[in-house]
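So, here come the structures, one by one.
The following pair of complexes shares a single chain, subunit A, combined with subunit B in the former and subunit C in the latter.
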Partner chain A sequence: MTTGSGGRVDDPAPAVPVAEAPPIVSEAAPAAAGPFKVRRGTPLKGASGLGWLFSAPAFTGLLVFVAIPIVLTAWVSLRDWSGLVSPFATEYVGFENYNELLFEDGVRRTDLAISIRNNFYYVLFVVPMQTAIAFVLAVILNNKFLKGKGFFRTSYYFPSITSSIAVTLIFLFLFQTSGAINAILPGESINWFDNANGLFHNALGVIGIEDPPVWMIENGFMGVTYWQWIAGPSVAMFAIILLVTWTSIGTFMLIFLAGLQSIPESVEEAAKVDGASTFQTFWHVTIPLMKPTIFFVVTIGLIATWQVFDQIYATNFGGPQKTTLTPAFLTYFQSFTNSEAALGAAIAMLLLLVIMFSTFLQRRFIKSTGER
Partner chain B sequence: MRRRTFTVLVLLMALIAACGDGGGADTTTAGGTETTTGDTGAATTAGGAATTMAPEEGGSLEGVELSLWGWSSSDAENAALNDLVAQFSEETGAVATFQPQAEYDVALQAALTSGDPPDVFYVDSLRLPDLADAGALAPVPDGAVSNPDDIFPSLREAFTYDGTWYCPPKDFSTLGLIYDPDVLEAAGVAVPTTWEELATAAETLTTGDAAAIAAGTAQAGLSMGVEYARWGAFMFQNGAAITNEDNTAMTLDTPEAREALEFVAGLYQDGFAVKPAAVDAGWAGEAFGQGKAAMVVEGNWLPPAMAADFPDRNFAVAELPAGPVGPGTFAFTVCYGVAADAANPEASWALVDSLTNEEGSLAWTEAFTVMPARESAAAEWTSTHPDLEAFVAGADYAHRWGFVPGFGDVLGVLNPGLEGVVDGNMTLDQVIADTTAAGEGVLEG
Partner chain C sequence: MEVRKVLGYVVLIFFALIFIFPFVLVLVSSFKTLPDIQANPVQLWADPEYGGWTLDGIRGLNTESVRIPRWFLNSTVVTVIATLGRVFLASMAGYALAKMSYPGKQILFGLIIVLLAVPGVVLLIPKFLILKQLGLLNTYAGLILPLVFDAFAIFLMKQFFEQLPDELIEAAAIDGASAWQTFSRVMLPLAAPGLIALTILSVQGIWNEFLHPLIAVPGAPELATLPLGLANLRASFGQAQPWNTILAGTLITTIPIAIVFFTFQRYFVQGVAATGVKG
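Now for the complex of A and B:
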């Protein structure tokens, strides 16, 4: 099957995408060839203008609230701006802010490296977990013999429509020293949100590796030792990972459910007639047909997880010991607390690059798995 | 015909949508100023004064509009400040309004950046260097503040940057030792006045480990946030500080500083002091209120918090125990700054003076637990707050809470490092080395 059309695949029959394609092309081609031809005498007269009119409000919104701010952020990141005066009255410093963040030994580079490490582990856990769980829930809910679908759908979706701050506060109580989670789990009671120990370090400790090899503490990258790079998410960050996974699966489950319901029953029945088992049908028919939806969910998930802020702000402001510091929160800290708004803008631009790069990798990965 | 109706409809919808967008943009950028002016103006100033009029006549304040921005501490404080501002308006004929902001730093930053700042606004001593350095604040003109020598020198110092005095303090708070007199008496512990006594008292009063304390079945001797804003007081008591007096060099890597940090860290490591988060409290005051700690190191903001959340909790205030070198504490203070771009500087300074002169500062602090920044008002304040006298005593030896622009980065290394020492995953040597390196970078730059 061809990928890249971006449209929802409604029918797996190869004839359909081809049949769908012509109208799209015929609409786009004249506009691309030259608007004058369309305007004079064709049946499409005025359609292009009307199209612009329809999209004008959304387009204006995108321009004013997205495009212009991005350009301004990039511009401001090249200046020496504290954020306390007009940015137009500031000095151009070239790539000084980026240089400080990426190449100069110091707090700012270390902070950025730590925040990227934290956020990387956060993404690494949250995206697969939320995608997999949401998919499984959607498949279960899509079962036509299931009773009380409405009830389950509503309850799974509920966390997603609850205020993230309210949910975070509930989790703070659940995971505190005297909280419910500690009461259920055996062992020593700890306040999860106040524990800076890395999960991977803890795991290494369990198998007997307490002391890191010397080269891992003496050497490092961007001011953070290799031993710190492989720390994994801290216990506090892991609590946030659980929290976010729990709140976000509802939305993604709904998207998956919509995707599953657009797969015609006849396809799965055809597979059954051909002798495929339930698992084979799922693996070889359902999942390939769901690929556009999976791509969408993973992309949205990646972008959102690299920008995590609310939960960080509401728990510990990046603590304990900076183990929940993220680039988005660092941007806020530098811009509004430390009066280094240009530096904050530079961090935001770097975060944009990280997001673009990870989305690009993910596209490549999903494409390559499709060409098996 | 039908087609035309449709087009008109579409046009109308587009217009409505576009207006919706525009309206949204207006409220986000200007809403902070415009809408609040209307609201508070109507609520505080007398009906007649609220009508707008153009400023006239250079000398008179008649009709001059002034905005005062701050954050909101409590409804009672907002009401008291509103009264003082209304009184100023009545006496001078100006139309001044107090407009508390929700996300203060962000709101103020947006106002300064857009070139339309409020005339007068709160400035925290920690924030002053940033604002002064950016040129956002007007220095105090000669004679604008009445009897400046009456203001506690340490507080004037807190708002002096590069030799220029920028604003008179609104009030101040110091750190003290807050304890439960009943618990101390029952345990036969005297109020500690030295480090040794503090350590012994904390040990005697501790009845269990963090898990038991969190569960409410035991009590810690001492609860205190793990941060320089608390631990620094102990460094002062040993003749040390993070930087030298004029913030030009790091002085953390000294035997005195190390000794002080080791003493405090030892209290946690021995289990006699707990950080609030370890016992499920948001801050030390909450731990104290819940009975999880017998002693805490907090400031003038604690009594109102107790009254609001734990009205039955009994407490008393003592000066912080003195260290080997002497007493030491922090003074936390906020001033009324006047914007460098204030539309009417004269009127703005008149408002600031009316709020901070002897009469104004006493009127403001009388009903509250924060202290007047003027020595002449201190005695009268103490007579109405005899139980909080220890906080006033701290004013004599308090150190200011303010450094240089960008110092947030340094505290951002020190505080998490101290947490690491308490949690046992960092050494004090490492923290001192890291912080000193970070600080040297900032102080040089």
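Now for the complex of A and C:
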């Protein structure tokens, strides 16, 4: 679900806590809907006109508001269009916008490179963190002797159904200079959402490396110095990483829980009878059986994290010093604030490629491990 | 064994605190004075030295720039109409895809699968363009209409209708029911679990939707929904943030969804199953 609106996946998966949730591991797990046998067929004879009559309203809307927009995005990305006039009155410029974004020195390429850098670190932190914590919580919750399951499940899941904007405001409140986080944590108070220092940069400072090697500052890739590339997410971005992880753990925990409940007890018991320790059973039986669910969670995690937008908008509009700028936000910013809509469309197309590529890689991986 | 159990509870309680405490703090802080929030950020009661409990935050919710009642109304109107439209149209299309035979059906279903994979941020610019061309920019219609059409909703309803037996349709036909009567009187009631699941998912998704209102009503603050209004709130205050008001605003945005959530928890099962299918 979107992780975030629709498929936008801050709220990637609409799901809720129920102990007897059906297994979702199999690709074809159908939603249960009554005592009837599953039957696939098309029994209405002579109803071809009716079929169109029933489908037409929904599909007309999808065509106008989803399908045509995809084609339009591709089309305007090849034109010289500011967004202020009609795109039909503009000039065709071929791949000029892409060329400017990817190969020409300048602020546009630098902005894109910075946004990719930022989003890369965001993905690198959020996906493993949310997957691991959700998995651990699901494994503990799956213990049948545990009391208060419903309470824990509900409290973990609740942030997932809350508005992304509301959660962002709550985190801005908690992480402000005089806020709760600084009051609880030892050390000096910092203004989290206003801090542009890279985490790795800070860590190197702690072990005494204050000045980066000169060649790393003087040289770079796509207009961003090597030192900037490796500086890690800024403190501000890290606060957003924490907030998104906090929001999405519940959804993924529920998906893991459903997967765990589909493992027959007899399998794990058999391993124990054969003399496996609890840890061995977990590592050699449970984890392999959970692989499809893990890949599913990682996939929708990847797809969602490359689209992060709401939290960027509601915090600092990409600041401080562009360290929370992401490609999704840059698309919006170039189009609606900078009046360079064709450039925004080109970024959107590049983003689509990245997301499709992530999906494709994951699907391939699932297939190859599934066949083993 | 005992040690592991205790350890398990410690982890669970630790995380429960992490998830619950912020909401409690938000609730309490909505009723504190600003100096109190500044001085005692973690304290769960109002300090009499700083004025004790106050309704200042709540009073700030309806001013010239903060129009929470209006945004609440807009959110409600958008959510109700868009959800009803989405559920109705998706049921019809899902029923046709599951139970009718007509040329082009495979293409329509293929389109659904492709559209499911397209992220919303990619469509911002052309959506804006289309709304503008149709004269729907900064109108209720433009705010609502695009949210009605959702590929996932059609996909979900198709899955539900496929599980109903064909014999019911044949029996209805023998009894002389028209195609519409068969759909609305026989099949739709039987798909109730699916309808409820889709309704709840849609209510949650549309109520929390931010991206679409952002581009659909850019020049009309009176048409903003709660998430859009809240997101632009901070900018309108500048340096001094009236946190008690802002937090009260987030609470008001959260409470309706919380009520839906706690009332219909069990119906979300279908949602979990559906995500499995979607993957």
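The rule is simple: the second predicted complex is superposed on the first by the 288 of 372 C-alpha atoms of A that agree within 3 Å, B and C clash if a C-alpha of one lies under 4 Å from a C-alpha of the other, contacts with A are read in each partner's own complex, and residues count from 1 in each chain.
Here is the rule we use: a contact is a pair of C-beta atoms (placed from the backbone, for glycine too) under 8 Å apart; a residue touches a chain by one contact, two chains touch by 3 or more.
Every value quoted in this text rests on a predicted model; they were computed, and no experiment measured them.
Once the two complexes are laid over each other on the shared chain, residue contacts for A:213 go to neither subunit B nor subunit C. Looking at the shared chain after the overlay, A:140 reaches subunit C, while subunit B stays out of its contact range. Shared-chain residue A:337: touches subunit B; no touch with subunit C. By the touch criterion defined above, A:158 reaches subunit C but does not reach subunit B.
In the superposition on chain A, no contact is made by A:128 with either subunit B or subunit C.
Number of subunit A residues touched is higher for C, counting subunit B against subunit C.
By the touch criterion stated above, A:106 is placed in contact with subunit B alone, subunit C being left untouched. Contacts of A:83 after superposition: both subunit B and subunit C are touched. In the superposed model, A:64 makes contact with both subunit B and subunit C. By the touch criterion defined above, A:170 reaches subunit C but does not reach subunit B. In the three-chain superposition model, subunit A touches both subunit B and subunit C at residues 50, 54, 57, 61, 64, 83, 87, 176, 178-179, 335-336, 341. Residue ranges on subunit B touching subunit A, taken from their complex, read 7, 10-11, 14, 17-18, 20-21, 25, 105-106, 109, 112-115, 127, 130-131, 133-136, 210-211, 214-216, 275, 277-280, 405-406, 408-410, 412-413, 416-417, 419-420, 423, 425-426, 437-438, 441-442. Of all residues in subunit A, those touching subunit B in their complex are 50, 53-54, 56-57, 60-61, 64, 82-87, 106-108, 111, 176-179, 188-189, 191, 193-197, 319-322, 333, 335-341. Listed in rising order, the residues of subunit C touching subunit A in the complex are 5, 8, 11-12, 15-16, 18-20, 22-23, 25-26, 29, 38, 41-42, 89-90, 92-93, 95-97, 99-105, 108, 111-112, 115-130, 145-146, 148-152, 154, 156, 159-160, 162-166, 169-170, 179, 183, 190-191, 193-194, 197, 201, 204-205, 207-212, 214-215, 218, 226-228, 230-231, 233-234, 241, 243, 246-247, 249-250, 253-254, 257-258, 261, 265-279.
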